[in-house]
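Quick one: structure below, then a few questions.
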Amino acid sequence: MSYKSRRKRKKPIFPEHRTPPGSPPGVLIADPEAQPTTVHVMAYGPAGLVEQDLKDLTELSGLMAAWPVTWINVDGLENLDLIRTLGEMLGLHKLALEDVVNLHQRAKAEDYGSNLFIVTHMVSMEETLQIEQMSLFLGRNFVLTFQYLPGDSLDPVRTRLRGGAGNLRSSGPDYLAYALLDAVLDGYFPVLETLGERLEDMEVNILTEVSPEARNRIHEARRDLLNLRRAVWPQREAFNLIVRDPMPLISPEMRPYFRDTYDHVIQIIDLVETYREFATDLTDLYLSSVSNRMNEIMKVLTIIATIFIPLSFIASLYGMNFNPGASPFNMPELNWTLGYPFALLLMIGTASAMLLYFRHRDWL
Amino acid sequence: MSYKSRRKRKKPIFPEHRTPPGSPPGVLIADPEAQPTTVHVMAYGPAGLVEQDLKDLTELSGLMAAWPVTWINVDGLENLDLIRTLGEMLGLHKLALEDVVNLHQRAKAEDYGSNLFIVTHMVSMEETLQIEQMSLFLGRNFVLTFQYLPGDSLDPVRTRLRGGAGNLRSSGPDYLAYALLDAVLDGYFPVLETLGERLEDMEVNILTEVSPEARNRIHEARRDLLNLRRAVWPQREAFNLIVRDPMPLISPEMRPYFRDTYDHVIQIIDLVETYREFATDLTDLYLSSVSNRMNEIMKVLTIIATIFIPLSFIASLYGMNFNPGASPFNMPELNWTLGYPFALLLMIGTASAMLLYFRHRDWL
Amino acid sequence: MSYKSRRKRKKPIFPEHRTPPGSPPGVLIADPEAQPTTVHVMAYGPAGLVEQDLKDLTELSGLMAAWPVTWINVDGLENLDLIRTLGEMLGLHKLALEDVVNLHQRAKAEDYGSNLFIVTHMVSMEETLQIEQMSLFLGRNFVLTFQYLPGDSLDPVRTRLRGGAGNLRSSGPDYLAYALLDAVLDGYFPVLETLGERLEDMEVNILTEVSPEARNRIHEARRDLLNLRRAVWPQREAFNLIVRDPMPLISPEMRPYFRDTYDHVIQIIDLVETYREFATDLTDLYLSSVSNRMNEIMKVLTIIATIFIPLSFIASLYGMNFNPGASPFNMPELNWTLGYPFALLLMIGTASAMLLYFRHRDWL
Amino acid sequence: MSYKSRRKRKKPIFPEHRTPPGSPPGVLIADPEAQPTTVHVMAYGPAGLVEQDLKDLTELSGLMAAWPVTWINVDGLENLDLIRTLGEMLGLHKLALEDVVNLHQRAKAEDYGSNLFIVTHMVSMEETLQIEQMSLFLGRNFVLTFQYLPGDSLDPVRTRLRGGAGNLRSSGPDYLAYALLDAVLDGYFPVLETLGERLEDMEVNILTEVSPEARNRIHEARRDLLNLRRAVWPQREAFNLIVRDPMPLISPEMRPYFRDTYDHVIQIIDLVETYREFATDLTDLYLSSVSNRMNEIMKVLTIIATIFIPLSFIASLYGMNFNPGASPFNMPELNWTLGYPFALLLMIGTASAMLLYFRHRDWL
Amino acid sequence: MSYKSRRKRKKPIFPEHRTPPGSPPGVLIADPEAQPTTVHVMAYGPAGLVEQDLKDLTELSGLMAAWPVTWINVDGLENLDLIRTLGEMLGLHKLALEDVVNLHQRAKAEDYGSNLFIVTHMVSMEETLQIEQMSLFLGRNFVLTFQYLPGDSLDPVRTRLRGGAGNLRSSGPDYLAYALLDAVLDGYFPVLETLGERLEDMEVNILTEVSPEARNRIHEARRDLLNLRRAVWPQREAFNLIVRDPMPLISPEMRPYFRDTYDHVIQIIDLVETYREFATDLTDLYLSSVSNRMNEIMKVLTIIATIFIPLSFIASLYGMNFNPGASPFNMPELNWTLGYPFALLLMIGTASAMLLYFRHRDWL
């Protein structure tokens, strides 16, 4: 019961928003469910870091002039004017901006010359799987990220920036972009581990429990894997592009790092596909458990019925009302001294013979 | 019942027409079910727009000479003479014209030098899915489109042309072709959303309802997805060709736009394939729901039967007519003071033992 | 019954013949089931056309010298001497000739320099599907075709040659080869339409009829589609080769025509694969219809049985012979004034309770 | 019964032997089940042919010096010293020699410069399928073949060599290698024909017979096809290599011959895959036949049971012992003049109603 | 019962460890389950071999200076300081070192210029399958291997090094790397043979035994094959890279050896895939055996029930209490002289008719 009610109120796993069919290209159309927009900026260099929530975009130019690298993170896509202004200030292509606002983009990497546009997907799993589009622009001195919802898996990067340890602060925006994308991909592994543990639990349970609920849990896991697969496959292509083609915005020494990220994508795909096959095997196992169990029940019940049917027949036989007084052929057993014991022995004998036959045929 | 009758009168999802086998190439053969042909022209430039229904093709030359871009839209393929004349006026290859009239073409893009020939498919979904071939020729100063049926998903483009907003009027025919193809592809998303919602509804219903009607609805969704898949896969190839190969008729600055269109095709394919997998999962879920439900019924019924079978046997036993008067061994219970209560207790005891055993084996 | 007998006498769909294992290459071995060989020649040019059944191969040289293009069509492969002589006269490679006589070749195109060798398959469907190998040699001034059986789908080409309309007579042998191959491929579409209609009929029937015959019809359709697939897939590769590689025997202006043929092959493959998926869906639908139907029967029957089992028990109970005279506890009901009506009411009550319970559990 | 016993004593289809894990490369380790080694030599040229069983390898040099081409065929792999010596005499790479002795190699072609090393698999089918590795070295003036078991499909080549017809004797070792490989591949066709016939027989039988034996026969055919597939797929790659890359040991005029061999491999793969799909269809057909048949039995039996259950109830009803003497409400029917005929009519009526209902619901 | 308990305490097949999401790249994080680290060094050259357990890394420089090749084997990954120091001493990239400590890497080969980094997986099978990551660095004068657990399949290489036979000691570190990788791959074959034997045993058993345990054994084999597949597929890519790209650290004469290793990977993949298909066939065979067996039981039992139902009806009929004294129509049979024999004959006749009908319909 709790299961059904949970299913009915479920939010979409992939939040969707699209411009109406036939809209002119590059026109931003508001998503009625979009969250309020907040802009958070971290500007830094080897010398230090300033961090602030931006109320007014005009402050941005000052920050970008003063610091080598600026990370502008936009949460919520409600304020289209702000997004449009940001796009103009940083010289972003209007088709790319449209892809930021239209959710349901496949992951991709596009080189627009003055900036590199990357769409990726963040995943999280509390009770249910949630997949959220993150758009990232890498420019010569900035990284700009757009998220549909507040809350993300990028906090470790913020902590590293604030702490100043490692070489994050002393590196360029390409290193920041790498760190962000790597953090996004790192978020897949706990989700996959949760799914993997669920599947292993189901495997143990299927041997002892064959409720329809078990079936639905497997189905839900398959559905989640299908959605993960859809999120992660295009990232392979996107990161492959970054690794393969020389891009002016990514310095050559960053290449091994992006190759490492590409390796992570491959590992995620690998896990997703392995779990998918495993879930298919579980479905088969479940179905054969169900049928094994039902067959067992039916078998025992049918055997009981079959043993009693001949016994009942014998009892009915001697319940017939042929008149022994009318003829010596009419059920003389009824008047035998040992008639009743004879009938009981006949029944016991028949039942024993049936049981022996069933055991002989290996049905018991 | 309503379901069956709806199925029987269904129109083909893909209207088909082919020249008879062995016809010479490039010969146009009338489709007996073709709709009457109407020609609608929109000629425009930065300076303005004229729009008219063309009765006589000779007016066309004037319009094409006067305006930078002319969009000729032909609805209905009955009037082959008109189509042939149009082909000659605009210098179209006769094999391409044959493909316009022969429906059931796969989507494709072919460069004929003086014009680019693109076949695509428009989809719509009212009660049932409808797929319609649209053929498009892009020339140096015109776009020519052929549709099998009146009514299309191109109205947003017409509105934008009439309104004059955006840069549609000030751009060349390649931009118009892009806008038309983009509008065609945009038409897939509402259809896919409808299908997706239907599948999600079915998923919830399967948990509570296992009627054959549910099975047929899943089958119909799979069938629609199969047809959509057949319509959309070739478009991948077609748009890939436009994006990959430099084509003189498409200006370089239009490249990102067509790449965007290509991305839409990939997204559509992605959705279709995801829904197909989801529909397969639903079929499995349906089948296991059916079998779960039947098993549950059979189990309870069989248990009822099995409990009563020994009881009936006991009742039959004491219904035997052995003569207690003939011998003290013949059913003395019949004359016991507590014979009947004894028999009733025996029955209750047997039934209780069976129920306990069933509960012990976890069958209840 | 008629179904079984039809299956037993079925001819092979793909007529087969192979040289015995280990034969030297290029040696022609007679197929014992080969048809008598007849040679039909059509020699033509812009000036006219002569047509004759050739008894003696020596006449051939004259015809070939006199006319720009000669089409030699050989029906039946019994006369190996004739085939060998023809091969020598026209300079054909002996491995190619061996492929003509050995049926069961995959479609292919091989460039032997002085001639181009193409193997393709003609299909026809009267009651059952029939697939026949056609081998075609294209030389500088001739086209030579070999067919296993008389009767083919090339008559429209003959008619066009005789009529002299179009540019068939004024073009070279490459145009003739194209026309013949196109006619062969055109023959697939009616076969596929027949199959498609059969599948659609089955889809409607499955909802009302679940006989094993229906299952066999689906199986037969799948088998036909499997054979069609096997015939048509290699043609993709063969025509791709012709389209992709420049071949001296095919003039550049014929390229779009062969590309058109290639498109037809892709369309045929597309249809075959779509129908195959559809047939798989039908199999699933059939199986779930069977099980739905059986479950429905079993359910109603089991419910009837289950209702009567407690009733019969009650009847048996009051059929026991405990002696009411021996003790006041022994079945006093038998002597009650309303004993019988009481028993009847007990039965009706039990049956009603069972029915209500079944309805409550939604099993009715 | 005969089936089970046959299965239990089955020999491996692919004889296996491997060096122990971690052995140094190129060290030959004896296979305990290897057959005694015999060496048969045929040395020939246009001038003639000598043939002998070689006891002593020293005779080989003389033969190879005297004749243009020498074919050394080694049956049985027990005598590792001999194989090692042969390898040294002919300059074979030790890794290649290891692959000769270690069975379970995939088919492959490796160019070692002075010789070309080809691994292929011979098949035969008497009662069961047997697959045997054949290793072939092609040198400048010799062909060396190794077989695991005596007996092969190369006799037709020997016959042609002895007969001296054709151009086998007058050609080089590359032609001999081609003839041998072609003979090996020719051996697949009769095996596939046998399998194909078995599948067609099964198809007819499944309509009339659903024994578990039928299921096992299909399973065995699938297993054989799986093994054939494993043997033949790698040959595609191997022959493709020979056809694609120019190899100094194969003269250019031999190219079409090897291309022909490659075509045969493709045809074999094609047949194997088609039969595999056909076998899958048969499995489905078998399963649905089983369930159709069982359903039919269950249906008739359940209908019989269901008709008699109400009849038995009526009979039990009038078997109750309510005392008609105690009250006029107690079973007055028992004393009616037509009580018994009334009961019989009630029974007949009930049974007829049930039968009509079943017929109405289309269950009979 | 033993089966379930075994499943519950099972260790992971792939031991996993990952850095927390968002960690900076190249930082090593301890795995809480890592084993204590021990370092074993074998330094050798044509002149001899020294072997020691290293307590202090400073000794390493001396050994590496003194001998041409040094093999450093690290068992257990607990001591991250040691691993880090080792990385600095030998100039390893920090991303590569991170991959050593983070288990769950896909097999791969990466060229870091001064060293080649290869990740592979060792397998072993005692009661259950165990897969363990091995990381290998090949430098100019050293090979460094990291293993998660003590115990490996490299002992044959150690033995060959100690024995000094073969050319292992006189070759460079590339030969050692080859020998180690080859030993790792050789470890797959006994595991696959064990799995293959288990599958063949199951195949025989399925014909005689259909316990749920059999189902679980097949499921376990499929699971093992899925894990093996995941371990072995990426190795294909890794070794392909080594074979295809010229690498300065691998001398050209080592190429055929690595090609041989690549061949082994392909063979392993081939076996894994073949066994996977075989396991799928076994699942199908199991399911159809289960259903065959159940059907057989149900059939016999239902037949027994169906025969006795009419008999019981006849017996009940003559158990009715219609009063023969009240009317001549009321069950006169009860007073017939041969009434009882007549009833018995009626029963025998009915039962025989049913049996004949069942035999006629081929159900017995």
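Each chain carries a letter (A, B, C, D and E) given by its place in the written order, and its residues are counted from 1.
Keep in mind that, in the parts below, contacts are C-beta pairs under 8 Å (C-beta built on N, C-alpha and C of every residue); 3 or more make two chains touch, one makes a residue touch a chain.
None of the values given here were measured: they were computed from a predicted structure.
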Completion exercise
dist(centroid_CA(subunit D), centroid_CA(subunit E)) in Å evaluates to 25
Fill in the blank from the handout: Per the C-alpha means, the centres of subunit A and subunit C lie apart by a whole-Å value of 41
Practice task
Please list all residues of subunit E that touch 2 or more other chains.
Solution key: 291, 298, 302, 305, 309, 312, 316, 319-321, 331
Practice task
If you connect every pair of chains that touch, what shape comes out? Choose line, ring, star, complete or other.
Solution key: ring
Exercise for the section: Beginning with subunit A and moving on to subunit B, name the chains as they sit around the ring. Expected result: A, B, C, D, E
Handout entry: Of subunit D, residues touching subunit E in the complex
Key = 4, 7-8, 16, 18, 20-25, 27, 93, 95, 104-106, 108, 110, 212, 215-216, 219, 222-223, 226-227, 230, 234, 283, 286-287, 290-291, 294, 297-298, 300-302, 304-305, 308-309, 311-312, 315-316, 318-321, 324, 331, 333-341, 343
Completion exercise
subunit D contacts subunit C in the complex at 153-157, 159-160, 165-166, 168, 178-179, 182-183, 186-187, 189-190, 203-204, 207-208, 256-257, 259-260, 263, 266-267, 270, 274, 277-278, 281, 284-285, 288-289, 291-292, 295, 298-299, 302-303, 305-306, 309-310, 312-313, 316-317, 319-323, 326-327, 329-331, 361, 363
